[in-house]
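Below, chain A partners chain B and then partners chain C, in two separate complexes.
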Partner chain A sequence: MSTVSLLAVLIALFSLVPLGYVAYMTVATGWDTAVELIFRPRVGELLLNTVLLTVITVPLCLVLGAGGAWLVERTTLRGHRWWAVALAAPLAIPAFVNSYSWVSAIPSLAGIWSGVLIATLSYFPLVYIPAAAALGRLDPAIEQSAASLGLGPWAVFFRVVLPQLRIALTGGALLVSLHLLAEYGAFAMIRFDTFTTAIMVQFQSTFNGTAGNMLASVLVFLCLILLLAEVKSRGTARYARIGSGAPAKATRLPLRHYQLPAQLSLAAVTVLAFGVPVWFVLKWLIAGGVEVWAADEFMPALLQTLLYGAVGAAVTTVVAFPMAYLAVRRPSWFSKLLELSNYVTSSLPGIVVGLAFVTVSIRAVPGIYQTAGVLIAAYVLLFLPRALVNLRSGLAQAPKELDEAAQSLGKAPLTSFVRVTLRLTAPAAAGGAALVFLAIVNELTATLLLSPNGTRTLATEFWSKSSEIDYTGAAPYALLMIVLSAPMTYLLFQQSKKVAGQ
Partner chain B sequence: MTEQSPSSLPVFRVAPSVAPTTNTHLEIAEVTKNFGSQSVLKGVDLSVAKGGTTAIVGPSGSGKTTLLRLIAGFEHPDTGSISLSGQPVAGNGVWIPAHKRHVGYVAQDGALFPHLTVGQNIAFGLNAGKLDGGRRAVNARVQELLEMVSLDAAMVKRRPHQLSGGQQQRVALARALAREPELMLLDEPFSALDAGLRVATRRAVAKVLNEAGVTTILVTHDQAEALSFADQVAIMRGGKLAQIGNPFVVYTRPADRATAELLGDAVILDAWMEGSLATCSLGGVPVRRPPAQGKVQLMLRPEQIRIAPDGPIRGVVVDTDYFGPETTVRIKLAETNASQHAASGNGHRYPGGGEVITIRHWNASITKPGTELCLRVVGEGVAFPQEREHGQE
Partner chain C sequence: MKLRKNALVGIAVAATAVFGLAACGSNSNTGSAASGSAAAGGGITVYNAQHESLTKEWIDAFTAETGIKVTVRQGSDTEMSNQIIQEGEASPADVFLTENSPAMTQVENAGLFADVDKATVEQVPAEFRPSTGKWTGIAARSTVLVYDKNKISEDKLPKSMLDLANPEWKGKWAASPTGADFQAIVSALLELKGEAATDAWLAGMKENFKAYKGNSTAMKAVNAGEVDAALIYHYYYYGDQADTGENSNNVTPYYFKNQDPGAFLSVSGGGVLKSSKNAADAQAFLKFITGKQGQEILKNGTSFEYPVGSQVEANKALVPIKDLEAPTVDPAKLNSTQVTDLMTKAGLL
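Here is the complex of A and B:
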């Protein structure tokens, strides 16, 4: 077994720590206690909340995301370039900042429908971006063939275009559902109880109670069901090919008198999802004046956030490399299994990963609890796939034939690896690292659980201020998170247009 | 598919590598290779003379690319050995990695480095430090190589994606030639090009390699490419070399029916072999060194069957396909009538009669369906021992 395989196995084993923790805790609790803690009215209530939230929000996100993508990519929408970016923009606003703005707009906001409102506005870009990318890449020749077989424009859309969007849409729906399960801040702010908020409450009151652990195992169970459902409906993924010709230009459907309604509905979505949050952040900023920018509180939080983001992004990219390399260069059941273990872990909510690391670092390796290393390790597990997906597509652009060509030109294997494979993968690796950085900057839940004493990040500072209803004090942190996220969101959007496959 | 003109046989050539020689460049002995449980190479022996051109032709999945990758050093053979210029490079505990073998390799799609310009691609294998004159010498060498493969000097600054397929292949060749390898491996380098470009690029590449005196091995599934490019053709089938010889020999005297059909269109008829004469629906056809007597299968190339007004064989045109310069004509041969053939006078009825054969002819106007034609066979046929399951193609 090569060094690369060995590294990949170690990483995969490490990534199984949270899942192992949940399984172990469930078994250790004992059957009777577990049944007692799981089958009780409180869990039923949380389950109902979570299921309702998912069942209502996901279809809304699909309609907004796929509809927006279709308008932007496939119709003669005026200013479609501008709209393309505008619809992705809400991704730059962390869900808990969105929640904060809406609560300041309507202080009475609470309950399931507020949850649906905020979640839909925050997460529909997760469907929109892959759907737009898939629509943009779709070969127009297929649609033209369908038209030549006698299908009208609407029939072409439903019978040819929509089925090809299936992978993008199921993938987007899975992402939205996982975010709904994992989100803490946005729902805690509007006092809407989900499993994640309940686990956090348990953790804050009993630190490491059995009740919290059992909630976590139900949550993990839900995540696994979602993953399974997505795998079932996804079918086989396709991979990038290099050296393809210039893509043909897609034909756009004339909107005619639907132009105005389309413009208005997109404007409404953008105002609600992007305009409202930014407006209220700015409003609180102006209300707060200069004193909210107190440098002795603000600068350390910014610097620590940047540091954690940079280190976390670098470590995640390095850790992802052996895995991506195996998956692309030596695909087998073995590499698939390794990837799967990472995939499962990264879809676990931050709260579960946080809880697992708290327990393991206290019980198994005392002395590392609340160190920066543990927090970075949690970030790596949570955000590994973001780096992985990018590295994979980057490596796919550097097929092994190029490595071999370099070797037949007299370059030693290591030299050819550095000069060809690594060089060709670098842009994709940078893109992946940027995405991980963005995720870390906005991460709240695991950071709250694991950060060393005295560590303040933008997200945790924002959270503690807004929890104390210090809305003006929280505003600078909100603004900074949005400003830091904006270029990364744009990058993600641009990249989705290029990255083929997966 | 085929480039043989309908009215002339290929000109006989004596290939240097077929003539007995001690000047062997590449020697492959008993090489086997498995991928998992699948056996890809089942014992291959091949010897290539210095400066010679060898084409390995075979259907896809026959293991020809694997053989090439073993020679290049991208894969290890499971058993057997490979030596270059008498120096063992693989097998018997020896392993020289690809980058130390000094073997040029041109892949199917060229495998140009997308992040480098044409000039940087060509200079990739050159070491400015080791070359007299440093960077300037490298640039001069790049220009020289571009000229060698007939590309404009202004191409240096271009990126691979700005080149056409044929240009990419030429750059790949120039890149591989930069280090002056003694052995060049070409892995179906022309198959991605369209028909016209393929012939032109093949001719240009052959010329360059010939002038540089580089020993060349070409892997292809295109029989016309193999026959026209190489002076030694090796036919690969099911992980083994079925036949090795010069193009004329393997085309006109294939070792078995599968090889015959791989290398071009073939007319195959049941025949009765007596001495060196095979009797069939086309009358008596001489066969050199027949492998069996009695019932055999006789193979003729379509261009050996000519339409001639005084020909002894009768047939009726079934249908035709018009291709411009030539027409493919399907002819139903006359039913058996023993009294027409003196050769069958010894009591044996020869097999066959009434078969439909396919030949080519330049004149479409005399080959209307239903026309009766007179045919004549030119040259010798090849006899194969009778197979059970096969019928007429």
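Here is the complex of A and C:
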């Protein structure tokens, strides 16, 4: 077995630690206790909340995301270039900052509908971005054929366009659902209980007690069901075709008297998802004046966040490399299996990974307990796919023949690898690293559980201030998280366009 | 193919190097922001479940006086007591501070506390510390019902906290069941009235109450008219009144008195871990916060908790401790584990 395979296997095994932890704990708890703690009314309430939230929010995100993408890409919407960015912008607002702003706007916000509101506004761009990318890539020839066979514009949309978006939409829906299962801060702030908030509550009362572990195992079970459902709903239809040639520029459907309603509804979405949060963060900032920028608390949190973000992003990218390499240059069932194991782990909520790492490090490897390394390792597991996806596409565009050509011209293998393959992959790696950085900056739950003594990040500091309803004190941290996220969001948006070949 | 393999070894080496660098980077990072607890004389680590702002006031004054650096890990009472128990001998904590005593008792029962220095013990009257001398009271807080005068007239107020489980209180009151504060109140109820009564009360509560996250949020809800009353601790009200009053101007505090479980006075505790490698500094810290200077921070600062040591009087704004008619509860007997179990069973957690 080659070194790269060995590395990949080690990484995959390591990424199974959280899953192994949950399984081990469930078994170790014993059947009777487990049943007693899993099949109780409280779990039923949580299940109902979580399922309702998912069932209502995901379709709303699909409608907003796909609808927005269609308006922007395929109609004569005025200012569609501008709207294309505006609809992706809410991604720069972490969900818990969104929640904080909405709670300051309407203090009585609570329960399922508030949860749906916050979640939809925070997560619909996760559907919009892939949907817009896929729409931009569609060959209008198919639609023209459909039209020539007598279908009207609406029938074309529903019978030809929408089915081709299936993969983008199911992928987006999966991402939204996983976020719904994992989110803590946004829902805790509006007093909406899900499995994740309940596990956090148990953690605050019992550290890693049995009841919390059992809730975690139910949550993991839900995640696995989602993954399975997504695979099933992708379907078996074939979307590729041979000799697609150079697609013509898509025609834009004239909006005519729908122009105004379209403009208004997009404006409403943007105001709710982006305007409200930014407005209230600024409002609290102005109310707080100069004092809230107290440098002795603020600067360390900023520096720690940047450092963790940078180191975490670098390590994640390096760790993703062997897997990406195997997947591109030596694809086999083996590389697919390795990828799958990572995929499963990264779909687990931060709270589960945090619980697993706290317990494993405290019991099995006390030497690394409460070190920065454990937190970085958790970030790597949680955010590996973000780096992996980018690296894969980057590597795929770096033909190995170039590498071999360099070697035949007398370069040593390592030199040729570094100067050809690595250099060609660098932009993709940088893109992936940026996404990981963005995720780390906004990560709350795993950071709360695993950070070394004395370490504070923007997210944890924001959380501790807003929990004591010190809204003015929390504002600078909120602003900074948005400011740090904004360029990354733009980058993500640009990248999705590039993959689409625009 | 062989050539390629060498290249891969190169990547592996590079990867290890980056890992190594990452480790260095993060080490130096914790080193500067937090003085490591392992190095003796290099400062102390406090596991703090008290309010961050209060402990910060204590630490700033302590460090200014002694030059000893203090690193804080923030958490909640029973989270940290369970954490310390799991860490055992290897715990990085030197000092543990809580908001309520059940968590202290838990660590004490696990045999992880060192004896508190005699000089410190002597600063605190016996009613505010356990007879074992394994930890000491550092502050105290009283249970209070804050209510909206416009919604509840004075004659309709409950005589006892137990009344809140009756049907007429359905949907009318708030609490923060996930907090250690509320769980301490339940532990006092358990100690005073026994398991059956506590079980029944928790079941009634589940029917009647509205859950909020944190006492300040619960009080804010009463202030905003979302709910009629909230069962919280006293200092949230006085702290907000002294500040802007924006979250408390419409609420009135009501003390149950009469040795009712709802008149429970909860003792916040501080203790030094047996495993501490900086025991002298840790003891000095505990002595400082229970000493005159530390207790005056309670009297004059923004916390509005009751001082318990060194004959320091409470802030003038507060109802004096002797007028609270609190029930006599031995802090050593408060059982947090049983409370979490009962509350989990009642579907509150």
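We take it that the second predicted complex is superposed on the first by the 475 of 502 C-alpha atoms of A that agree within 3 Å, B and C clash if a C-alpha of one lies under 4 Å from a C-alpha of the other, contacts with A are read in each partner's own complex, and residues count from 1 in each chain.
Following the convention adopted for this analysis, contacts are C-beta pairs under 8 Å (C-beta built on N, C-alpha and C of every residue); 3 or more make two chains touch, one makes a residue touch a chain.
Here the structure is a predicted model, which means the values were calculated and not measured.
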Checklist entry - Who does A:Ser108 touch here: chain B (first), chain C (second), both, or neither? => result second
Checklist entry - With the two structures laid over each other on chain A, which partner does A:Lys411 touch: chain B (first), chain C (second), both, or neither? => result first
Next on the checklist: Quick one: is A:Val420 in contact with chain B, with chain C, with both, or with neither? Answer first, second, both or neither.
Outcome noted: first
Item to check | Partner chain(s) touched by A:Gln202 [first = chain B, second = chain C, both, neither] | outcome: second
Next on the checklist: Once chain A of both complexes is superposed, is A:Leu402 in touch with chain B (first), chain C (second), both, or neither?
Outcome noted: first
Checklist outcome for this item: Between chain B and chain C, more residues of chain A are touched by C
Next on the checklist: Using the superposition on chain A as set up above, list the residues of chain A that contact both chain B and chain C.
Outcome noted: 407, 413, 416
Next on the checklist: With touch defined as at the start, can you tell me which chain C residues reach chain A in the complex?
Outcome noted: 3-12, 14-15, 18-19, 22-23, 25-27, 29-30, 33-34, 37, 45, 51-53, 71-76, 78-80, 82-83, 86-87, 90, 92, 178, 180, 183, 211-214, 216-217, 220-221, 224, 226, 247, 340, 344-345, 347-349
Checklist entry - In the complex formed with chain A, which residues of chain B make contact? => result 72-74, 97-105, 107, 109, 111, 113-115, 124-125, 161, 172, 175-176, 178-179
Checklist outcome for this item: In the complex, chain A touches chain B at residues 242-243, 397, 399, 401-402, 404-413, 416, 420, 423-424
Item to check | Complex interface listing, chain A residues touching chain C | outcome: 2-4, 7, 37, 40-42, 45, 107-108, 188-189, 191, 193, 198, 201-209, 211, 300, 304, 307-308, 311, 314-315, 318-319, 321-322, 362-363, 366, 369-373, 376, 407, 413-414, 416-418, 452-455, 464, 467-469
